[in-house]
Amino acid sequence: MIRIIVTGGTFDKTYDEINGRLSFATTHLPEMLRLGRSRVETTIETLMMIDSLDMTEADRVRIAESCRGCPESRIVITHGTDTMVETARVVAHSVQGKTIVLTGAMVPYAFGSSDGLFNLGSALSFAEVLPPGVYIAMNGQHFMWDRVRKNRETGVFERT
Amino acid sequence: MIRIIVTGGTFDKTYDEINGRLSFATTHLPEMLRLGRSRVETTIETLMMIDSLDMTEADRVRIAESCRGCPESRIVITHGTDTMVETARVVAHSVQGKTIVLTGAMVPYAFGSSDGLFNLGSALSFAEVLPPGVYIAMNGQHFMWDRVRKNRETGVFERT
Amino acid sequence: MIRIIVTGGTFDKTYDEINGRLSFATTHLPEMLRLGRSRVETTIETLMMIDSLDMTEADRVRIAESCRGCPESRIVITHGTDTMVETARVVAHSVQGKTIVLTGAMVPYAFGSSDGLFNLGSALSFAEVLPPGVYIAMNGQHFMWDRVRKNRETGVFERT
Amino acid sequence: MIRIIVTGGTFDKTYDEINGRLSFATTHLPEMLRLGRSRVETTIETLMMIDSLDMTEADRVRIAESCRGCPESRIVITHGTDTMVETARVVAHSVQGKTIVLTGAMVPYAFGSSDGLFNLGSALSFAEVLPPGVYIAMNGQHFMWDRVRKNRETGVFERT
């Protein structure tokens, strides 16, 4: 059983056709799992629905508390890529004994050409088999939370 | 470094608009890896391009030999779902000491609504971290080659 | 008010993921009109759901009778491309005083990369403004029913 | 022969995955015509690439001059929906004897669920057969330039 904690990010951005802007509505996670024909037992919890550039320290603490308090020991967090590493650090400092995988997308799932489905399949798989710890799963790879940075020029996560 | 051995299957079916039939052309794997923003180092080998219902024992032996002969110790095989379990058995009986993950799709990648991207992200991730053995990765789950069957009514892979 | 008579064809082919074959289920026309944000007043009638290569003379007569009997004087018929010209001929010989536009697709709408949405927008527009007659709308063009053939090698409709 | 004058608008918005914002790059028109299997002879002219809310009177004059100066007598203009009616007015006041059809989209073509392909098929078809005049083609319908307004609440074009 895997808990999926939704926090927003590019993963869940949608296009508001009335005002022509990007926005957040409800999460696409259930649709993505259905499209991927996922048979992984999951519980989806929408904790917040924000751009990770707008995420405060209090938000990160709330995510960490949700990880610590939930009954599942395997967790996937969907998160904006810009501050994913910061959240991973806060989670790592306050949760022990659980396998926690943060993932995200460079292109909104709703826009067709997304890396979101690929990353979701990847993150769930890492969450199923990796030992306890906090990881980031992006670009088909996994990183320990303290061994990774996002390269802002290329949009790629790199080992440090 | 992961070797991806392409054998065809629903993953790579395409629609031939001149004769209105499903067919195989070239593999979509490079496009799928690009779309998924994959940064996993991979070598793609198109070994065959066939429906797995048309696969012979000689074809399966060829796949197994390709696994045994290649320099990589981590391998993903894309394969039609109908006889994926049979090929996994042949590979398991002739290859030791390598992590080999077979995966496929229920809907062609080219048809938009595919589980292929999800499964590819999943299969690569399992191939990166699982110990040596032959596995099937479908529906976000992984199975030992001798503990799984495809349910032909539902299209879902189940533990046996 | 435009009547849309659905007869099947590539337009409405879908992928049956259990048996891995192309098949027909229900028409995608309502979904396509919604996606196109169409505000044209339409009545959709699913008359048959078949490949146009399987269409008999009796089927064509049934289509012509449906055109003659319906209250609307502007009609779009979705049809397989292979025998679209034959059906247009039968319709032209038995219906007078109505604007009837046959259209189809080279790629199923359900497969993402379809010309179906483009052709549907085109066919409805021609049906709204052309004088009475029987036309084929494909590739953004319109043809009188007796001035067109499908080039089987290229899949393109050509003026004769 | 139809001239397509590209001015930007939602039609051509794209998602910039490095900074996470909507932006304009190159036009999708050639790709859309290819996807629609269009065989209409067209010349594409990218005049500007802007949001129609940012369009100045000078920009509209430039569009009108381009319509007047080009050799083609049938023209499609892709345009943001917010000020499409204003541009149609400027064009109508300065160009005579040509069939000019403005069209746009509520959802970017690049985001998969677009009305753009539908509208493009519609606009080209109207441009081929309507008598000289300035029209707006949206939602499968056509309107004279002085008989239409965009309903900002619903995003739909309505006859006035």
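The chains carry the letters A, B, C and D, assigned in the order they are written, with residues numbered from 1 in each.
Convention: contacts are C-beta pairs under 8 Å (C-beta built on N, C-alpha and C of every residue); 3 or more make two chains touch, one makes a residue touch a chain.
Please read all numbers here as calculations on a predicted model, not as lab measurements.
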Please indicate which chain is farthest from chain D, where distance is taken between mean Cα coordinates of the chains. B
Rounded to the nearest Å, the gap between Cα centres of chain A and chain D is 38
Per the centroid of Cα atoms for each chain, what is the distance between chain B and chain D, given in Å? 44
Can you check how far apart chain C and chain D are, centre to centre, with Cα atoms defining each centre and the answer in Å? 26
Could you list which residues of chain C touch at least two other chains? 106, 112-113, 155
Looking only at which chains touch which, which shape fits best: line, ring, star, complete or other? ring
Which two-chain combinations touch? A-B, A-D, B-C, C-D
Across the complex, what residues on chain D touch chain C? 32-33, 35-40, 106, 112-115, 117-126, 128-130, 137-142, 155-157
Per the contact definition, I'd like the list of chain B residues that touch chain C in the complex. 10, 13, 15, 17-18, 20-22, 51, 82, 106-108, 110-113, 152-155
